[in-house]
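Just below sit the structures, each encoded as structure tokens.
In the two assemblies presented below, subunit A is common to both, partnered first by subunit B and then by subunit C.
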Partner chain A sequence: MTDNASYSRRISFDDVSKFYGDVLGVNRVTLSIPPGITSLVGPNGSGKTTLMNLMTGLIRPTRGSVRVFGISSSDPERFFREVGYCTQFDTFPRGMTGYQFVYSFLRLYGCTALEADELTWRSIERVNLVEAAHRKIAAYSKGMRQRIKLAQATCHGPSVLVLDEPLNGLDPLVRAETIALFKVLAEDGMHVILSSHVLHEVDAISDQVIMLSNGYVVAEGQIRSVRSEIREHPMQIVVRCRKPAEVAAKLFEQEQVVEARVHGDGRGLLVKTRDADSFYRLLNKIALNGVGIEAVAPADDDANSVYEYLIGSEETAR
Partner chain B sequence: MTTTQISQALAVFRLEWKKSFFARRGLWIYLLALMPIVLYGGHSIIQIKIGRPCDFGMDTTIFATVFQVFYLRLLVFFGCVGIFMNLFRGEVLDRSLHFYFLAPVRREIVLAGKFAAGLTAAIAVFCTSTIMQFAALYAHFDSSLMREYLFHNNGLAHLGSYVAVTALACLGYGSVFAAAGIRYRNPIIPAAVIVVWEAANGFLPAVLQKFSIIYYLKSLCPLEISPDVPKFLELLVVNPEPMAPFLAVTGVLAMSLLLLLAGSWRLQRTEINYAAE
Partner chain C sequence: MAIYKRGYRTYSGPLTRERWRFLVLTRYAWRTIFQSRLLTAFFVFSFFYPLGALLAIYLNGNATILSLLHQSSELLVVGNKFFSVFIAVQGTFAFFIAAFIGPGLVAPDLANGALPLYLGRPFSRADYVLGKMMVLFGLLSFVTWLPGLLLFAAQAGVAGHGWIWDNLWLARAIFLGSLIWILILSLLALALSAWVKWKVAAAALMLGIFFLGAGFGQAINLILRTKQGTLTDIGNLMRVVWHDLFRIERHAFDFPPTEAWIMLILICCGCLALLAKKLRPHEVVR
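For the complex of A and B:
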């Protein structure tokens, strides 16, 4: 795929702002989202849902433009062939069964009765709701409602799947299955955009993150690159070794190492450094001196730490 | 319209017609349609009980008057408020409008499908009511007199005209309230404004009169109203410059088309923001 073609398969926000009257939704957002799993992370009211609703045309930007693969939501016939949106709205057209919910969406899509029936069963099977398909959605549990929404959002084979808190209400087993499904979809080249407040899941799922706070994008990209950009917080690295005191002494000779604390079990240390790359090079040299280094792992390049540094631990990531 | 768009409009229609006919919140519409049938039925039962049918011509004039003053202006009008304001408003109250807005369907197609479903329900309910009113009113007359009226004295033509006017009223008021339901959150305000506008039609300058549905419907009603009605009611229902039926029908169709276009324009700019409701 050429660069141009690859760029045209992106979701782009061009200087997008959204105000609800005087209330800020999101402000001056410029993004270009590549394929893979992208997580939107931020506290309540940070603008995650606004960003998703803008992406899918449920609301319109006050300023700027949003395009998916170069298509605007004002052309729904093309746009929604590419996009599926599993909203946070836990409401459905009255009186529908799970089957009817998916089937009628496919008829709106323009499928024949036969095609719609086939695709409906396929997507209902994918979310393991076959037995409950003919029950009214009103009688579904929260987790089942989440799954039928997911079935509807994916039934027409979209290239972009937008999921607002898709793991809410799912039990651990279904949660794991759903995450696996997202991964499969992303590996097939789909854009999966999701919001989640469970940061360790964001870590496990995401290829990249977009962090939002008070309507502004505070960081975007792969978690590690975002972490490396946060200069005011030295990187924390755990080194498991047989002679932690000796390693600590050698590390302190380097000015980029700001702290090295021996672990309570005497089998490792936690190092804080301003330059992780230099630190790793140095560690390679030290390892050659027979200090018995068993493992080295970054301690704070996960979504939780990045979130804490950028947005603050006092806010709940919801 | 492309073949896909037609099949999409039909898909919307299939989803909506049941809602329009069987919605629990629409039960009162059936009661509205039933009301004049009960009145005329009661009248006929009383006449049969006392064994003295009334004057046929008088009943025909009463029907013409009630049809214009009461049935069209109030019952069909508010019935259309109930059916058509809910086409989109109901979805917002149920928080399910995003179901349509997230489908690869143009919003004007959604409007067309929903409007067709509402119109089918309105015509079925109110035209049936018109026919049943006719039957109930004349039930106490001798069957030979009825046959004479229906088949040799324009009775069927009158009934056909009343049914057609009812259908046109559903179309006209339906388009008014379908468009209003997209624009306004509260149905009471547009309903109140429009009912006053329609009532004041007879008092408005000639140019403004043309911007109301009742102006065209008045010209299509087949019979004169009772000469005994009070003067102000006469002003309401008599058209001093009646139009040719063809022009009147075209007028209703044109008004409806304009209103639906306005509704469609508005719908394309509608955002989903249930929290603000």
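For the complex of A and C:
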């Protein structure tokens, strides 16, 4: 894919602000979201749903512009070919079966009866609900509802799938199945944008994250890149080795290492350093000198820690 | 960042014409409406009066039957008063049908937060309102202007060639009078339904607006010694408009038709404003 083609397949926010009267939704958001799975992370009221509503064309920005692959929502016929939205709440018109739910919205989308029928079955098959297709949605379990919503959002083959809290209320098994489905969709080349409160799942699913707080984007990109940008919190790295005290002494020769704490079992230590690259280089030297290093792993370059560093402190301050 | 190769294509098949897509909503609503036996029974019952009127027109124009009844002239005059009464009676049926169906058209969608589903497609709020309004328009047409024009045609057939040209304005009055009533009922039902988001409350509110509005208007008239209070009585506003359309002499206590027209236009604008305010495509921001 060339750079231009790659750029044109992005969702772009250009200095976007959205106000609901006096209430701030999001402010001065500039983003360019590439394909893959992107998670929107932030506390309640941070602007996640507003951002999703903006990229699905449900609301218009007070200022700035939102484009999906260069298409604005003011061109709905083209825009909605590209976007599928799975809402946070169980939003089902009453009395419909799973099949009717998907089929009727394809008719609204503009598909002919024959095409709508074919696409409906295809999307219902994808979410593994064929047997329950003619049962009323009211009788579906939470997981089935989530899946039929997904079928509805993907039935017209959108390139961008926006999912608001898609894992809410799902049991672990269905969660795992749903996450696997997201991955399949992303591997098919879809932009999968989802919001979630479950940070360890964000880690497992996402190619990149967008962190929001009080209507502002506080960080975006791959978790590790974001973590390395947070200078005020030294990186925490776990080193498992036989002689942790010796390793700690050698590590303290480096200025960037600010803390080393030997584990209670005497088989490892937690190191805090301001420069992870220098630290790893030094650790290599130590290992080459014959000190047995069994394992090295970063301890705080996950979504949870990044969230805590960037947003947790603000939340506490509030 | 993983850049994936696209393994599928977006749907690129033919689409139905954008202009008529709102009819999908209408078709779906019609399918479910007649699942109610009560409504079906009431709908059937609303055809009794037109059938009776049709029979009366037939008997009235049949010389043999008139002679059997020892009548030298027609039993009744089929003219503006006849059709005005017809519209008033059928208008009442239309009101109850609208009060029964209308609130259930929008309230469940809003209560379930289903609007983003509709509007997350190339489907505007205007399309949504139009689709829902067409449900009522279709049903109420069967109760009002369609049988009205049928009676007009029957009378034209019975009375002879000259009658139709002399009374063509009556057909216009039947159609226009019904259309205005359907518009008012539809907009009110949808707006109230969108406002309270609960179909039972919306139906009660609709009945309240008509019946309490009349009482409220009378109270204002009595207290302030005016006749402007009646402007809050939608039924009375329609009566004045119908009388104007059917060229029936005004009562001394009636206000001028222009005021009634203005009031009805204001009510329509109010309903549209309420719909525009309530039918928001986005979910609650928490």
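Quick notes on this one:
Convention: the second predicted complex is superposed on the first by the 312 of 318 C-alpha atoms of A that agree within 3 Å, B and C clash if a C-alpha of one lies under 4 Å from a C-alpha of the other, contacts with A are read in each partner's own complex, and residues count from 1 in each chain.
Basically, contacts are C-beta pairs under 8 Å (C-beta built on N, C-alpha and C of every residue); 3 or more make two chains touch, one makes a residue touch a chain.
What you are looking at is a predicted structure, and each value in this text was computed from that prediction instead of being measured.
Under the clash rule set out above, the superposition-derived model of subunit A with subunit B and subunit C contains a clash between the two partners. Using the contact criterion defined above for the overlaid structures, shared-chain residue A:216 touches neither subunit B nor subunit C, since it reaches no partner.
After overlaying the two complexes on the shared chain, residue contacts for A:56 are found with subunit B and with subunit C alike. When the shared chain is aligned, subunit B comes close enough to touch A:74, but subunit C does not.
Of the two partner chains placed by superposition, A:19 touches none, neither subunit B nor subunit C. Comparing subunit C and subunit B on the residues of subunit A they touch gives the larger count to C. Once the two complexes are overlaid on the shared chain, A:36 sits against subunit C while remaining clear of subunit B.
Legend: residue contacts after superposition of the two complexes on their common chain; A:115 is shown touching subunit C, with no touch to subunit B. Looking at the shared chain after the overlay, A:89 reaches both subunit B and subunit C.
Steric collision with subunit B, judged by C-alpha atoms after aligning on chain A, is confined to one stretch of subunit C among 5-13, 221-229 or 239-247, namely 239-247. On subunit A, the surface patch touched by subunit B in one complex and by subunit C in the other comprises residues 20, 53, 56-59, 76-77, 79-81, 83-85, 87, 89, 91-94, 104-105, 107-110, 156.
Residues of subunit B that touch subunit A in their complex: 4, 7-8, 11-12, 14-15, 19, 91, 94-96, 98-107, 268-269, 271-274, 276.
The touching residues of subunit C, counted against subunit A in their complex, run 1-16, 18, 21, 24-25, 28, 32, 108-109, 112-124, 281-283, 285-286. Within the complex formed with subunit C, the subunit A residues making contact are 1, 6, 20, 23, 25, 34-36, 44-45, 49-50, 53, 56-59, 76-77, 79-85, 87-95, 104-105, 107-112, 115, 119, 152, 156-159, 164, 186-189, 207-208, 222.
Per the touch definition, subunit A reaches subunit B in the complex via residues 20, 53, 56-60, 74, 76-81, 83-85, 87, 89, 91-94, 104-105, 107-110, 156.
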